[in-house]
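Paired with chain B in one complex and with chain C in the other, chain A is shared by the two complexes that follow.
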Partner chain A sequence: MTLALLGQGLAIGLVNGALYILTALGLTLIYGILHIVNFAHGEIYMLGAMLIYVLFVALQWPLPLAFAAIILLAVAAGLAVERGIFRGLRGQWMQLLVASVGISLIIQSLSWIAFGAQEKNVPSVLPGVLIIGGVRMPLERLAAAGVALVLVTGLYWLVYRTRIGLAMRAIEEDEETARMLGVNSDRVAAIAVALGFVLAALGGAFVAPIYSLNPGMGLEAILMSFIIIIIGGLGSITGTVLAGLLIGMLQSIGALILGAEAAHVLVFAAMIAVLVLRPQGLLGRA
Partner chain B sequence: MSRPLLAALTFAAAALTALPSSAQESFKIGNLSPLSGPAAAFGIGINRGIELATEDVGTFTVAGKQYKLELVPYDTSLDPGKTVAALNRAILNDNVKYGFILGSGVHGAVLPIIRQHGFFDIFMGAMGKEITNPENPTVFRFMASSDQLYYTFTPEIYKKLNIKRVGFMGPNNDLGRADVRMLKDVAGRLKGQGVEFVGEELVEINAKDFQAALLRLLAKNPDAIDTNASPTGTVGLIAKQARELGYKGYFISSTAVLEAKALVGIAGRGADNIVAYRIWSTSPTKLYQEIADRHEKKYKEPTLGTVWEAYAATRWVVEAVQKAGSFDTKKVAEQLAGSSFQFHPYGPATWGGEKSHGIRRQIQTPLPASIIKDGKWEPLEVRMGVLE
Partner chain C sequence: MKRFSVPLLLAVLVVLPFLAKPYALHVAIVVLFSVTYTAALYAVLRMGYLSLGHAGFIALGAYACVILSVRLGVSPWLGIPAGGLVAGLAAWGLGALTLRLRGIYFSLAVFAFGEIVTAFFRAFDWFGGPAGIPGVPRPSFFGTPLASHFAFYWLVLAVAVLGIGLLYRLQFTRFGATLLTLKSADSEKLAESVGIPAARYKTAAFVVSCAVTGCMGAVHAQYLLFVSPQVFTFLTSTDLLIYAMVGGLASFWGPILGAGVLTALGEQLFSVGYWKTLVYAAILMIVILVLPGGLIDLPRRLRARARAAIAAPEVR
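Up next is the complex of A and B:
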């Protein structure tokens, strides 16, 4: 294997890892704060991608306006789901799990009707390839990876450097005590779910020009997101970043050395190894 | 008007209205195909082909009774488990004995059910004698088989485009593995002409990111990547991502009917030099053009690739049922295998495969090859041989 090939493999792994982080971030946040395994996450991701198609491609809205609309809709959907479904079931993990699966199935079924079965595609707003030292990276992927970096930094700042973040962490530790100390846990939970939905929708919207779209695309996204948050440690933002990059690298270098089939197996093998050796995940708490 | 007369007239009117529906029964044709997901265009195309054929067939008589066609669609998502469930539902719940089943990758799972019930499988899929063989007498492949295309077409294409080094990227399923075996065999036979098989990458069927897998394949400098067994959306993504990695060669898709518009939508100029074997860049017959026009008028979009073959298959099967004078699938199979058909949009059709598959269950029609140039299909002047 030449050095150039290895460099290209590493670059692909890094950027793909960033795309995985972008996809998994919202799932991590909602689990981290509220301990809800949100199976609807993949469908919100899919809706983000489909909405960018509808608004930007079909209706030809300006891109910033389309993103603003997606963020507003995701906030509204997050608040509605938290208030209407999650709040009444908080603390009942099995009921929450079933409810989120139900939401996922409803959204997916309606989406097949609304968007149709044919694959859709969003033309790239950043066509072209950046070539550095023989390593080629499409600009649209680099842009999405940059967005992932910004969102991770922003989320980290929010959770660890702001009052609302402090309240979120307090709820995560012990909701009852947090309430007694004056934290409005319902409000904080609503913000966390809305934020999780926004992150999922943005993830879909930013990867839309990279892949083709259909209403079933959320399934693949949520499968990979679960693998990442399990490996990283449920609810850990840093763990999600680490696991995303690790999986990206494992797939890329694995495929380069062993082939695509073996690389696919490697990802699951890594997940099983982490579950056996460190069940709480790489950076999760026991 | 007196009351008895009014009653008599009402009775007569009711009897006349009821007569056609009681005399006309449904001949159900199932469509067990992906109607959702990346391969949905294939299944939707089959639905539309059946619908257009239904308009042309109208009512028909079998053993003195009048029938009309009824399409019964089942979404399989190209998933073997879902196809098994759909076939069981079709046979046991809906009394459907005839149906399109799309995808050779799902056939390993459904063939035992087809054999058990004598289900008439209007098969739309690739591979070769693994599916159409004497053990499965009610399975008719209404599109070109992989071996037919690989062995009789591929050498001509390689010669025409001066392809010497060929790689494969396809789904990690029965079809992908069968196709890569065949491609290796073809490359081996063409060794004397300098053709070499350089490598293969089998990926998950729903994968959307191929960069890592492509990297290894592209390192072997192929002149052409065979993307057989992948639907349009997947081929578009493979082309786009390979071009981003600097690949300038050909993509060859033997069996899947690709949609140029979708390919160009996904890959942009990167779709240029995608070669497909079953795409007509110009209408081969008057009927072909008529169907394209009717499709566009009825569905408000260009004709999907599977429409023509589904149209022909539906009409041909109905003709065979009429000639057999029975819906018994084994009798109809015998009748069909001995027949030829003049109303195929591609041109005159007959059955072959007696020597290669051990049974005449492989359709033989004129077939083209086309290549995308500047976002549109252009004819690639090569001739396909006949599968004996």
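Up next is the complex of A and C:
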């Protein structure tokens, strides 16, 4: 393998990693508050991508309007799911997890019925390729990764510098005490779920021009996200970021050497290695 | 009445093939597959762990059997225990790693495992690649291959009864009773403080569950006559979970009831596809939100309601 090829692999890995992080962070956020992993996350990601196709390609809305609509819908869906389903099951992690699997199956099967199995493609918004020292990078991927980084930074700011973030961290630390001190944990949970849904939907929306879209794409996304949060440590934002970059690079370089399917096995092997050596994840608490 | 229900059920299962048409027998075979898988899944659920990738163990058992018999020419009879062995070994490794962590780690890791198993078989042509491996031989009984539904039914029934019987017996041993103490974090600590190696107990239960699943997976592949990465997917895992939850987790028979009813209905009503998933998932949500005990809890609920109505007549 030449050096240029390695550089190419690393560059793709970094960009993919940034997109993985965006999706996985929504899971981390919800896990911190509800202590469940939202299985429907991948389906929201898929819907984000599909809505870009429907609004931007089929209905020809301007792109900013399509994004605004997606964010609004994600917030509405997050609030509805939290209020209607998650809130009544809080504290019962198994029922919560199964309920989120149920939601995921309902969304997925409805999407197969509505969108069909035919792959959908969103035309490139930013054609062009950036070439630096023999490494070629499509501008579109670069832009998507850049926006992902901005969003991740914004999330850090939200969690560590605002009152609502303080409330989130307080609930994560000790929900009972936080409630006693006047934190409205239902409202914080609703905000966290809505925010998680927005991150998932945006993650899907950004990759819409990069991949072919079908209703099964959420499963692939959530597989990667799960492996990332296991490696990074459940509930740890910095761990998610670190693991996302790591997995992105491992997968792209693995795919260059072994092929795309075998790279999956490599990523899984990395997860097993972390479970053996550091079961709570890179930055997780035991 | 209760005492006779199991012998009665067995008698029905034995008489059935002599009366039923081939299509009904096909439904019976498919029901036996999912009932066995679901009973195996229940052995894990019962100790407070949620497996979201049991289909991965079905696939491992199926592929182990198929590769032995198609690629290496080993007798299909040997393929069945081999399927159980391979699935059990994988469960041992994965369980030893994840069952000492909180339940959610186990669920995520098993889900990832289920997805990776199919990705693995898809990645290598020797394992059939995306198209899978056709031409899986069925075992022969004294020189006669079990080619018809009628003949194959007996093999499926035998493995199902053995597997479910093993899982049922295990519940009422000291081992099975100990597993119940590991259900919550607090009682698990208590159990460990009196010298019970909790992680090892849980791993052992997980291995038994997956070994039964793997044996049945091998038989399943022989029934289908082929295996491919598309047969045992995430949707298979969630189907099993739905059967168990809809049936109810309070008793061993709940998941079996759920699997029996939903598989029999699903096999008749929906040829294939998304409508089945949609209806199953909708039933699941209704059960979780409205009837947390599942179908098996329904008679008790109705009785409790009737009793409450008698005890407290309406005040005017």
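Note that the second predicted complex is superposed on the first by the 276 of 286 C-alpha atoms of A that agree within 3 Å, B and C clash if a C-alpha of one lies under 4 Å from a C-alpha of the other, contacts with A are read in each partner's own complex, and residues count from 1 in each chain.
Keep this in mind: contacts are C-beta pairs under 8 Å (C-beta built on N, C-alpha and C of every residue); 3 or more make two chains touch, one makes a residue touch a chain.
Here the structure is a predicted model, which means the values were calculated and not measured.
Under the clash rule set out above, the superposition-derived model of chain A with chain B and chain C contains a clash between the two partners. By the document's definition of touching, of the two partners only chain C reaches A:P279; chain B does not. Look at A:I36: by the touch rule set out above, it reaches chain C but stays clear of chain B.
In the superposition on chain A, A:Q251 contacts chain B only, with no contact to chain C. When the shared chain is aligned, chain B and chain C each come close enough to touch A:G259.
Contacts of A:L234 after superposition: chain C is touched, whereas chain B is not reached.
By the touch criterion stated above, A:L110 is placed in contact with chain C alone, chain B being left untouched.
Of the two partner chains placed by superposition, only chain C is touched by A:G88; chain B is not. Of the two partner chains placed by the overlay, only chain B lies in contact with A:N121; chain C stays clear of it.
When the shared chain is aligned, chain B comes close enough to touch A:N16, but chain C does not. Comparing the two complexes, residues 112, 219, 259, 261, 264 of chain A contact chain B in one case and chain C in the other.
The residues of chain C lying in touch with chain A in their complex are 48, 50, 52, 97-98, 100-101, 103-105, 107-109, 111-113, 115-116, 119-120, 122-124, 234-235, 238, 241-242, 245, 273-275, 277-278, 280-282, 284-285, 288-289, 292. Chain B meets chain A in the complex at residues 35-38, 40-41, 43-44, 77, 172, 201-204, 206-213, 215-216, 219, 232-233, 236-237, 244-246, 262, 265-266, 268.
Here chain A touches chain C in the complex through residues 31, 35-37, 39, 85, 88-89, 93-95, 97-99, 101-103, 105-106, 108-110, 112-113, 219, 223, 226-227, 229-230, 234, 259, 261-262, 264-265, 268, 271-272, 275-276, 279-280, going by the rule given at the top.
Across the interface of their complex, chain B is touched by residues 1-2, 5, 8-9, 12-13, 16, 112, 117-119, 121, 123-124, 127, 129, 136, 138, 211-212, 214-217, 219-220, 251-252, 254-256, 259-261, 263-264 of chain A.
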